[in-house]
Amino acid sequence: METILETNGLTIQFGGHKAVDDISFSLPEKHFKSVIGPNGAGKTTFFNLISGQLSPSKGKIFLKGEDVTKMSPTLRTRKGIGRSFQITNVFPNLTVLENVRLAVQSQMGIRYQMFRHFHSYKKVTEEAQEKLMLVLLEDKAYALAGNLAHGEKRKLEIAMLLALHTEILLLDEPTAGMSVEEVPAILEVIKNIKAQGDRTIMLIEHKMDMIMELSDSIMVLFNGQLLADGAPKEIVKNETVQSAYLGGLYDEFTA
Amino acid sequence: MRRYFQVSTMAMALVGFMLVVLPSIYDSRSFLILMTQIFIFAIFAMSYDILLGFTGIVSFGHAMFFGIGAYSTGVILDRFDHTLPYFFLAILVGSLISTFISFIVGLLTLRLKSHYYAMLTLAFSGLFLVAAEKWRTLTKGNDGFTFRVPDVMIDRTTFYFICLALMLFVYFFLKRITQSPFGKVMLAIRENEQRTESLGFTILHYKVLASILAGVTASLAGSFYVMSLRFVNTSVFSIDTTLDALLMTIIGGVGTLAGPILGAGLIEFAHHWLTELAKEHPIFERWLIFFGILYIVAVMFFPAGIVGTIQKWGRKKQTPSKKQSIEKHKAAG
Amino acid sequence: MDLFINLTINGLATGMLVFLLAAGLTLIFGLMDVLNFAHGGLFAWGAYSGVWVYTMTNSFLIAIAGAIGTGLVLGFITEKIIIQPVYGNHVQQILITLGFMLVLSELLKVVWGPNQISAKTPDYLAGSWEIGNVILIKYRLFIIIVGIIMFLCIQFILKRTKVGLIVRAGVMNKDMVQALGINIKRVFMLVFMVGSAMAALGGVLLAPYSGVIHAEMGMEFAILAFVVVVIGGMGSFPGSLFASVLVGLSGSFMAYYLPDLSLAVNMLLMAVVLIFKPSGLFVVKG
Amino acid sequence: MSSLLSVQQIETYIGQYHILHGVSFEAKKGEITVLLGRNGAGKTTTLRSVMGLNPASSGSIMFHNQDIAALPTHKISGLGIGYVPEDQGIFGDLTVEENMKVAMKNNDHETLERMEWILNLFPDLKKFWKKAGGYLSGGQKQMLSIARAYINQNDLLLIDEPSKGLAPVIVEKVMESLLEMKEKTTIVLVEQNFLMASRIGDCFFIIDDGKTVHSGDMKALKEDEQLKRKYLGIA
Amino acid sequence: SDSASGDGEKKGDGSKAPIKIGVLASLSGALESYGKQTKQGFELGLDYATDGKMEVDGRKIKVVYEDTETKPEVAVQKATKLLEEDKVDFLVGSSSSGDTLAVLPLAEEYQKVMVVEPAVADSITGSEFNKYIFRTARNSSQDAVAGAAAIAKKGVKIATLAPDYSFGRDGVAAFKKAAEKLGADVVLEEYADPAATDFTSNLQKIIDKKPDYLFVIWAGANSPWNQIADMKLQEKGIKISTGAPDIAALSTMEPLVGMEGFTVYYHDLPNNKVNDWLVAEHKKRFNGQVPDLFTPGGMSAAISIVEALKKTKGDTDSDKLIKTMEGMSFETPKGKMTFRKEDHQALQSMYAIKLEKKEGVPYPVPVLERELTPEETAPPIQN
């Protein structure tokens, strides 16, 4: 399989502290990779570097062989890197539908059209509604996003990401705070996307059951460094991972 | 939602129609002048709202563009000839300078938090004020100068119709823009810049475009403002001019285009009415106190501005109540 | 050399005066994030009430106390009626405080009439010393000293207590601060009152400086105060002090060496600072 | 055992929305009470109502046998109730140290001792003591938020989804710390992580559509597959 | 019976239509006190000129006052209202040059005589002049000429200090011309920010130049007087000269006691009947207060209008009025004024004064040194 994303010695330093330290990895196309590691290991920062929210102090990022290190987040999104945020990040005073519609609009490349009414873009609205249905949020379409309960906002995040239709999806703890009842539904959504087989997905999660079920491979970050990268079964057997990350809570996986 | 916009368009068309027939019913010319000034300030306030209400950019120097339009018009009509072609030239020159300046200021500061844009525009407009003061061969300093206007514009009634048409045009034009996909992105930027960026929109482009749009519209308002006075002086660059636009926009409703129009009307009428009262009743001699109280009361009773607050009431009625939506949810599940 | 000293001392004094005017705004705008356009009204009220008390009692100290008292009372009223409903909303703050500004400055005229009023300098602060060609104006030295004392007091309070932290935390997340057991309303109220009292103090000290007070004096200086707060770095007292002194000195030196630019000096200064250091000269660290 | 906190039939509006219509629960002294329910059920709103952040318009909230429903938030907190909000409520521009300082009600020996205990529990906080809260990682923010609630001696702690975003090993530590504290401090927990909830919870209340729909002993719930399926959608 | 030319002033029933006058003044805002002086002066003037009858040749006089708030757009709005709705025959005003300039084209458009009072900008009777404009106020150049006349002599070295805007720049230019004509030498022109609180740089330069006089043109509240005293200019042998302002501002000039300058008006300077009447009547009406700087101006404007009307026998035809008023002389509290034919500027007396402390007066008082005759202070014709 071809490599879609690759980093080379990626490093970022905040003051004296290296949050991401010399990470080189490559991600094959249509692969599902999870990223785990203790809090503050640098997972989110790693995503921020890939998606362009932060620019590295050192190292390079390649998307399909092209050096994208210096590109703006906007351009990277257009080139196919989409992401969701760990800290809920939506447009609070716009309706839920409007939130998703903006993503669809961007995906369809409708950017500087000033003189046509947005209602004449029926497709955009339809597409947005479809995405809301997918994440079980259709009956909140006209609520203001800022008034959603926490779990609902997480779902909205995912809908917006899906609407972007990017080749690469970076999911940062998509189900954190989602209710036990709904996690399976979202899991289903992610599984479906995976099953369609046209996306490459990276997932940050602390829910090991979910990770084990979905991942083709897992990479482990520790103190900003890449500790291990391999098949799920092997990773959970790694002693450092067990003692410093998993603790005793997930004995069942290691057994 | 959709229905609301249609309602507002109809309402505006109705108001427009009433304003068209107004002069034939009530032809007091000083009243027409008051109305004309309302139209012009409404344009200016709408231009401000493009920044504040639709893109979330606060500017304390919007008078800069107003003044650019004003002086372009004054100087060109005074120096060359007071004919229509020169007036169009003046508008063009004003727009070009405004485009240029807003482009530069935008590029310099729109990367930053809007807060700094506000202060930097304040600084720039201050510099323009000083320039208008100091370039005395062109501007005659702060006393300013009078000039003649093209013949068709001399008649106050004609000028009334021109300004009314212009205001309606600007309203519908800006409305179309704010409801275009472009306008939706502006709103998104107002709500959450960083998120807009990660959706694949280059926010700087939008902000600079919004700033140019606002600048050119303000410059247009400035041109017509001095046309109505046939006189220009440095007060067009003053902070008070910016504050006027700001007050009209906020009192009418930030983020709505009808708001600034209503705001302009409200403030001008309140002003007119209070000063009239001041002549008759001695307690109103200090009418500015009542004017100040008007602002205070407006904030207390119409926190989102008049149009904004009314819109909110409308929305309350339209959205299904929470209970209904839950029942729906259950029925679906 | 004498010229240099003269320009420096007077620039410094102007700077300190600006600092005294801006200090209250550093609290209210810089720290509490309230766009208070009525702040200038508080200068004017401080000045008028101070001058009035001075003519009644002939004691400058009582005048200062009177101004501070006026500031506290007005601060209380302003916070309670005008500011409380609009915390966190800049747009509403602009409208309501501009409205209140009109009310404040018109009320001045109701109480003291529309004419400008002359303000005397107390005898022991009037006049100047001349050493060689260096002229030391007593009142200006006094302003410099008061400015320094004020700065030290504020710094001491902010460093020794949690007030500064609480206010900043309250601006970011009011609910959370309350959930931590702090009566944030009361804290905001107190800080606002102190800020207003500082404004009033600035006003009464300004009066003998320029020798005359008038109802419109507020707005003029309020804008300068905003400029200082922004270029100094929001909410930073060392920043405000530095920026004020910068404004004072550059005004004084520019007027001498580049008189043609002196009208534009404050705006130029602000433009340059904002373009090169958009967060202001001093950033409140955190 | 007597109940320290007793919430009876509260109704809460946010703006014009009627969010809670009849939530009741009790927290007994020395126990960990868990509130369960799907997204949007009203759990967070319930805690906020107890804290006075979204005051209940009717119903009673008794704490130490005193009705606190009408008290302002800071007074409620002053009675000895700590709160970990769902969104962590970190003061982003303040450093970790300053965040803790704002939270500290006292500066006595006991508090300092607790501080030491907290920093041992979450060594990351010590590491980033002078760092702005806004720059912390998601999990670190969660730790800081918990730490702020731990620093004072409270009679009652209201904790909204503490495990969210935390690495498993930290979740375990938090669980242990809660068990450790429960002697002195009564705890009300909102938790989606059923594994955690079921391990440390003593009793539970299920909230749905803004109402309490079920309650009981945690042990019973663990075994009752039918109940779990019905209210929590898990088996 | 009826001697008017009869261009529609008569009402159908034969009784004569009133004459209407619209007065524009700043009755609120920063220039409020000037506006009120003008208004009071105007009222008194009408009473005086009509012997309290408020009519000329059988036609009643009606006055409408409007507040311009010192904003050009308001001034235009109010002036239009006066011209359109009230159908005034005369405009009078206003307190600021900006407002007045904005209204000038309206006077021309509506072909109504406008008597400018007390706006000073030279351009009103200069570059922006139209034939309907008459001015009873003195202009900047007259101030300057008077200022020069008070101090300029052969060989005298003078430095100037003025605010850095039109008012200051125009004033200094005119002063310089006048002073140099009298043989004096203007050695330094300093301009300060009109909002300045610190004048060190300007004063320092002035000290360095060692002039005989410092001539100050200043308007606005933040005056340089305190600092001039503090920097001991007078002790260094630099005499200060400036125009004495209104009473409220005089009280800020304590440090300048002893200065020689000029003034437009102070109530005990002119010695004539009109002024005696003004002072007495003013005291009577406004509980003991004396008329201030611009009160006589308002009165003069009223007198000039009434006098012109008397001459036309109540005819308000503008062309006739203009012809009448050009070159017309009339008695005012400041003595005889004459509207110069060329630019309709009223030539008038000014007063060279010295500021002195007087027992029982809480401000320094301008004491007459010499009355400057209208011819002496005649400004150049600039239109």
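By letter and in written order, the chains are A, B, C, D and E; residue numbering begins at 1 in each of them.
As a working rule, contacts are C-beta pairs under 8 Å (C-beta built on N, C-alpha and C of every residue); 3 or more make two chains touch, one makes a residue touch a chain.
What you are looking at is a predicted structure, and each value in this text was computed from that prediction instead of being measured.
S.K.: Treat each pair of touching chains as one step and give the shortest count from chain D to chain E.
M.R.: Tracing touching chains, the least step count from chain D to chain E comes to 2.
S.K.: Could you let me know which interface, A-B or C-D, is made of more C-beta pairs in contact?
M.R.: A-B
S.K.: Quick one: report the Å distance separating chain B from chain C, using the average Cα coordinate of each chain.
M.R.: 32
S.K.: Please tell me the distance, in whole Å, between the geometric centres of chain A and chain E computed from their C-alpha atoms.
M.R.: 76
S.K.: Let me have the rounded angstrom distance from the C-alpha centre of chain A over to the C-alpha centre of chain C, please.
M.R.: 49
S.K.: If you average the CA atoms of chain B and of chain E, how many Å lie between those two points?
M.R.: Centre-to-centre distance between chain B and chain E: 38 Å.
S.K.: Can you tell me which residues of chain C touch two or more of the remaining chains?
M.R.: 109, 263, in rising order.
S.K.: Identify all positions of chain B at which a residue touches two or more other chains, and write them in rising order.
M.R.: 133, 286, 288 - these are the residues of chain B that touch more than one other chain.
S.K.: Going by the contact rule already set, what residues in chain A reach two or more other chains?
M.R.: Residues of chain A never touch two or more of the other chains.
S.K.: Across the complex, what residues on chain C touch chain E?
M.R.: Touch residues, chain C against chain E: 3, 6-7, 10-11, 13-14, 17, 109, 114-118, 120-121, 127-128, 130, 135, 137, 139-140, 206, 208-217, 220, 248, 251-253, 255-256, 259, 262-263.
S.K.: Please output the residues of chain C touching chain D within their complex, sorted ascending.
M.R.: Residues 162, 165-166, 168-169, 172-173, 175-184, 284, 286.
S.K.: Using the touch rule from the top, collect the residues of chain C that touch chain B in their complex.
M.R.: 82, 85-86, 89-92, 94-96, 98-103, 105-107, 109-110, 223, 226-227, 230, 260, 263-264, 266-268, 270-271, 274-275, 278
S.K.: Which residues, counting only chain E, touch chain C once they are in their complex?
M.R.: Going through chain E, the ones touching chain C are 29-30, 32-33, 36, 164, 190-193, 195-198, 200-202, 204-205, 221-223, 225-227, 230-232, 248-249, 251-252, 254-255, 363.
S.K.: Which residues of chain B touch chain A in their complex?
M.R.: Those in contact with chain A are residues 1-2, 176-177, 179-185, 187-188, 191-192, 194-203, 205, 209, 319-320, 325, 328-329, 332.
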